[in-house]
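Got some structures for you, see below.
Shared chain: subunit A. Partners: subunit B in the first complex, subunit C in the second.
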Partner chain A sequence: MTGWLFLAPLLLVNLLVIVGPSIATVYYSLTDWTGTGSAKFIGLSNYRRAFDDPDLRQAVVHNVIWFVLFLTIPTIVGLLAAHLLSSIRRFQMFFRTVFFIPYITASVINAFIWTSLLNPTNGIGVALSHIGIPFFKNTSFFGQPNLALPSVNFVVDWHWWGFLAVIYLAAMQNVDPALYDAAKVDGAGKWQLFRHITMPGIYPTLVFMFLMTIIWSLKVFDYVYIITRGGPGGASQVISTLMYDDIFSKFEAGYAAAIGLSMSFVVAIVLAGYFYLRKRGSEL
Partner chain B sequence: MTALTRQGLTSRRREPLPIGRYAILTLLALSVLWPLLTLVFNSLKTNAAIGASPLTPPTHPAFSNFADAWRQGNFSVTMRNSVIIGVGTVVGVCVISGLAAYALSQLKLPAGGAAITYLFMGSALPVQLFLVPLFYLWTRLHLTDSLFGLMVIFWATDSPFATLLLRSFLLKIPKDFREAARLDGASELQILRRVVLPLAWPGFLTVALISALWSWNEFFFAITFIHEPNLRPISTSFLAFQDQFSTNWGLTSAAALFMIAPILILFLALQRRFVNGLTSGGLK
Partner chain C sequence: MNDPVTLTRRRFLAGTGLAALGLALPGSLLSACGTDSSSGSGSANLKFWMDVAGAANQDYFKKHVIDPFEASQSKIKLNVTYYSGADLRRLIQTALQAKSGPDVVRALSASQDLAWVRSNLLADLDKYAPKGGWKSKIAEWALTPFTVDNKIYALPMREDTMMLYYNKTVFDKNNWKAPTNRDEFEALATEAKGKGLIPIGGTNSTYGASSEWLVTFFWNHFCGPQPLYQALTGKLPWTDAVFVDAIDLLQSYFKKGWVAGSTAKYYSVPQATVSTQFGQGQIAMYPDGEWLMPQLSQYFGKAAKNDNDWDWAPLPSLSSDVPPGLFVVGVGGSYGVNAASKSPDQAAKFLQWYYSDKKTAIDRMAGSPSTYNIPIAIDKSDLPSSMDPRSARLLTSVQDALTAGKFGYATWTWWGPKADTFVYQGVDKVLNGKLSSKDYCSQLNDIFQQELKAGNVPATIEPKPQKL
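Entry: the complex of A and B
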């Protein structure tokens, strides 16, 4: 019994902030609630509406594009960096520290750094035009509909790959060195070593990161909201920024609750997949 | 001769000159450091100087941006707010998760495994699941526009991760230590204070650093729950400042350095702890 007493503060604060409101979300998603006052029960209307909502459909597509970019770019750079780091001795700590800095830097700051570097009046484009490369001179990376989403994603990738590099480096250092020696004796080349020893060795970490990337891509909010507010004209709108607008600009809290609950359902499926793999004996 | 060549080749393949690797790693490090450096450069330039040459070091460094930004951005107030929120968050998270981690690692707890699974899932759940009712609840409890209200949210969102991290530290403490204290008639709380805490302080330091980092950088809850300018933490006050002075890159760069400097100093001083803590199954 004492044990649960020790857990009580954690459970209480969790109940108040997370569990209680989460349960309330289930109810509100079935109402026409505006965010204040009383709510009328309207059954599954919000969910039906979500299915036909072209804005939401567009946002979902953007989240999928986000996922593809966020999965590939930081992983490739992170794996490359981790692989190189694992094969050097001197300055390994230095590089690890540098690569990690963007990850511990606030989203508002990283966003600001890149809005200033990529702004059309005095950013990289202008600097390049000074040295004779005029192509990006008037490009507004965050202001053009076709560039906004990938540009915001680029900022997130930039702040993220170093974190992945450190994670993958730790995983690579746990791979049994005897495996490499054995493969070298068999005449394996560098790529073969990476492909057939390193990759299988860090496979559990890769799978875990893959699953988490699905969740993170679904939840993305900060950078999009800070840099473009989902604009221009919805060109970088993702589910969570759309939902934020529904709550605080359009006062459609009931509809937003339905979107939030649907999102959480996808997260729950991913987590279930994680626990299923773990139960089957993967060392995730 | 053939033997010599072959030996030379093998030894070179085993110990290749890693200049290429260092070159790539240096390029990657520059891709991180150079944008951060332009922030420092710009903070020392006037807008005219930035427009003339955006990415180069200042020719006539001007420090007036710092004084101007400090005054106009009200950063003495918002930084103090962030420090208050940070200290409150750190203390709360350490107490809440310290108690919980102790129960989950040292005491026999019925259904303890379920609690651990819940903690793991709880830290992966999207905020969108509970945002709408939480905002309503906080409004009713007069916890919006309140530093304390924000702190309580951070207690709830940071504690699951902190508990799991602390638990992994506490599991390393030998059971005999506790048994001996118990035989001497110490209560569970006394054992926690006298035996466990002195041995587990590196874990607490890590948890403290990470929750301080998160609360300092946090954006989403801050922008949602605090609208009163004098109660803003530094993250949202920086964004407001940036919106207000969006065309004055020198001034806003100086403001950005206010926010990034404390974190960077802390990180460089204690980076091993930061990195180990944040990569130990960091789910956020």
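Entry: the complex of A and C
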């Protein structure tokens, strides 16, 4: 009973800020609510519409591309950086701090820095062309439909890999050094140490970050909204920016609620899979 | 003047109690952040959320709007909080829905007002109109989009139009004259490009809805006001060839590299860079709204460390059916009163004051070019000699166009909210080759007809001489 009393304030807050809006979202997803005024019940129409919505389909594809890029690039760079950092003693804290700075910098600042650097009129491309490297001279990274999404993703990867490096470094430092010593005695090389000692040692951390990456990939919003707002012509539109647009530009909050709930459903499936595997005794 | 939102414990508990019932959470919590105004004694501390950007502009707003109003009486105070335009739109809508938010409501477009009126979020201003003399002081055309079922729900904040800005120094140097028709416009664009200039400046990078300015330009100056009026009143579908051809023409200008240098640059070069290029003479012409005018002083002349100057001309007509000298008209936002305000009378008093004195209004127009251009009848002799002649000419030119019936329709004022959103989002797809002009117009037509049927298109005006 005492435990419940201690928990009560937190549960009450949770009820108010999570359960209440969640119930409201379920209700509004079944209505034609514009975001203001009253709402009319329309059953599952919003969900049926979502299946036929080409903009939503395109946004889902963009989220999948985003997930693949966001999972692979920062993870590989982060692992590499963590591995290199783990082998040095001097300046380790300095590099950890430097790698971490982009992560703690406000997204709007990072976005401004990169839109300036990649400005096709006076950014890096033009500067490089002045010194005889014309490769990026006429490239509009955020303005060309085929480059907009990967370019925004690059900015996010850039701010993210340092965070992963620090997380993976912490995990690597928890691997028993005796395992490395034993493997070395058996003649293991650097790659074998990494492949057979380090990777299994940080496996739970890797899987957890994988899980979080799926969730964050579905939720991605700020950088896309700040840099391209989903453009040009929807080329970098993701689910969350589409929802924002539906609510505040098209006055279709009911439809946006249906999309949001569908997203939550996907996240719930991922979480359920994770917890199922953990329950089955997997080392996650 | 910033006023932090307060949430008292009692209000929080009341709000959380309601929220525990389930659906009332957002509204109840935001309601707890309500006004601290009191109408019993006639005194009030009004909340006013605005999107005035930059310290200098905020200072001007304080000195020429807030302070004079507070000095004009002793009981009503204005607590102003500044937001960016995009944030303001989102925050006000959420707050209004929660029966909270500012007492004086600044909306960004007539179509947004209409959506709020349909949801009973804005107060009916009709009872305040006689004292304010609004129907005689404010031009009828500008009140029309804010009139729903014969009742006024908001007042026009700024008279909008579009012009062709040009780098006067570059034009003088090349013996160019501002184009008045399509042949001249295209010849000039070809020549400017040949000289290594960007013929037509523009960017979508900083403001996502800016593509609708180009659509407004091409639909009005290629199709003309009459087909647009017919389409806005449901008598002509948007699939008509005249509208499709206008979009095709716009797309062809992009394909020729006339606009922004390339389509990709139009979507990626920030406004500040484009304005700098314009000031430095790298861009010849710049079709944009009157709102660009106050920013140009930063990019031309001493402030920008160059010797260049700018001027403007009416947008050229793009077909022989459209007479030269046509001006698009629209309204750049509005002021209304929150239906949930505890001090609606005091909020209305501010509006009555704001539109009451013509001289004060003209002084504001003179002091900050185009920002405070409210749609009132102005005689040339009313304008102070200190006023920038380009700014003065704009006021009288638009007025002359209105009285002569030579005006067009701005998409952000006369279209419904969903159709207006599609106007710029859809054309972005056209310009990037993802949608044909024909399909664009067809999809717009579907959205527009639905909104028209539902009564969600603002009332419009006939393309004939208007009374000011």
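We take it that the second predicted complex is superposed on the first by the 263 of 284 C-alpha atoms of A that agree within 3 Å, B and C clash if a C-alpha of one lies under 4 Å from a C-alpha of the other, contacts with A are read in each partner's own complex, and residues count from 1 in each chain.
The rule we apply is simple: a contact is a pair of C-beta atoms (placed from the backbone, for glycine too) under 8 Å apart; a residue touches a chain by one contact, two chains touch by 3 or more.
Because the structure is a prediction, the values reported are computed rather than measured.
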Simultaneous placement of subunit C and subunit B on subunit A, clash or fit: clash
Touched partner set for A:174, first subunit B, second subunit C, both or neither: neither
Touched partner set for A:120, first subunit B, second subunit C, both or neither: second
Partner chain(s) touched by A:72 [first = subunit B, second = subunit C, both, neither]: neither
Touching partner for A:267 - first (subunit B), second (subunit C), both, neither: first
First (subunit B), second (subunit C), both or neither touched by A:141: second
Larger contact residue set on subunit A - subunit B or subunit C: B
Which superposed partner A:257 touches (first subunit B, second subunit C, both, neither): first
Touching partner for A:100 - first (subunit B), second (subunit C), both, neither: first
Contacts of A:235 with subunit B and subunit C, given as first, second, both or neither: second
Which superposed partner A:20 touches (first subunit B, second subunit C, both, neither): both
Where subunit B runs into subunit C (options 45-53, 81-89 or 225-233): 225-233
Common interface positions of subunit A, toward subunit B and toward subunit C: 16-17, 20-21, 24, 35-36, 116, 119, 121-122, 248
Touch list for subunit A against partner subunit B, complex: 2-7, 9-10, 13-14, 16-22, 24-25, 28, 33, 35-36, 77, 80-81, 84-85, 87-88, 91, 95-109, 112-114, 116-117, 119, 121-124, 126-127, 130, 158, 162-163, 166-167, 170, 184, 212, 215, 218-219, 221-222, 225-226, 239-240, 243, 247-248, 253, 256-257, 259-261, 263-264, 267, 271, 275
Complex interface listing, subunit A residues touching subunit C: 12, 15-17, 20-21, 23-24, 27, 34-38, 115-116, 118-122, 138, 140-145, 148, 228-229, 231-235, 245, 248-252
Of subunit B, residues touching subunit A in the complex: 14, 18, 21-22, 24-25, 28-29, 31-33, 35-36, 38-39, 42, 50-51, 53-55, 95-97, 99-100, 102-104, 107-110, 112, 115, 117, 121-122, 124-137, 139, 152-153, 155-157, 159-160, 163, 188, 213, 216-217, 219-220, 223-224, 235-236, 238-239, 242, 249, 252-253, 256, 259-260, 263-264, 267-268, 271, 274-275, 278-279, 283
Footprint of subunit A on subunit C - complex, ascending: 16, 19-20, 22-26, 29, 89-90, 93, 96-97, 115-116, 118-121, 204-205, 208, 262-270, 273, 277, 417-418, 421, 425, 428-432, 434-435
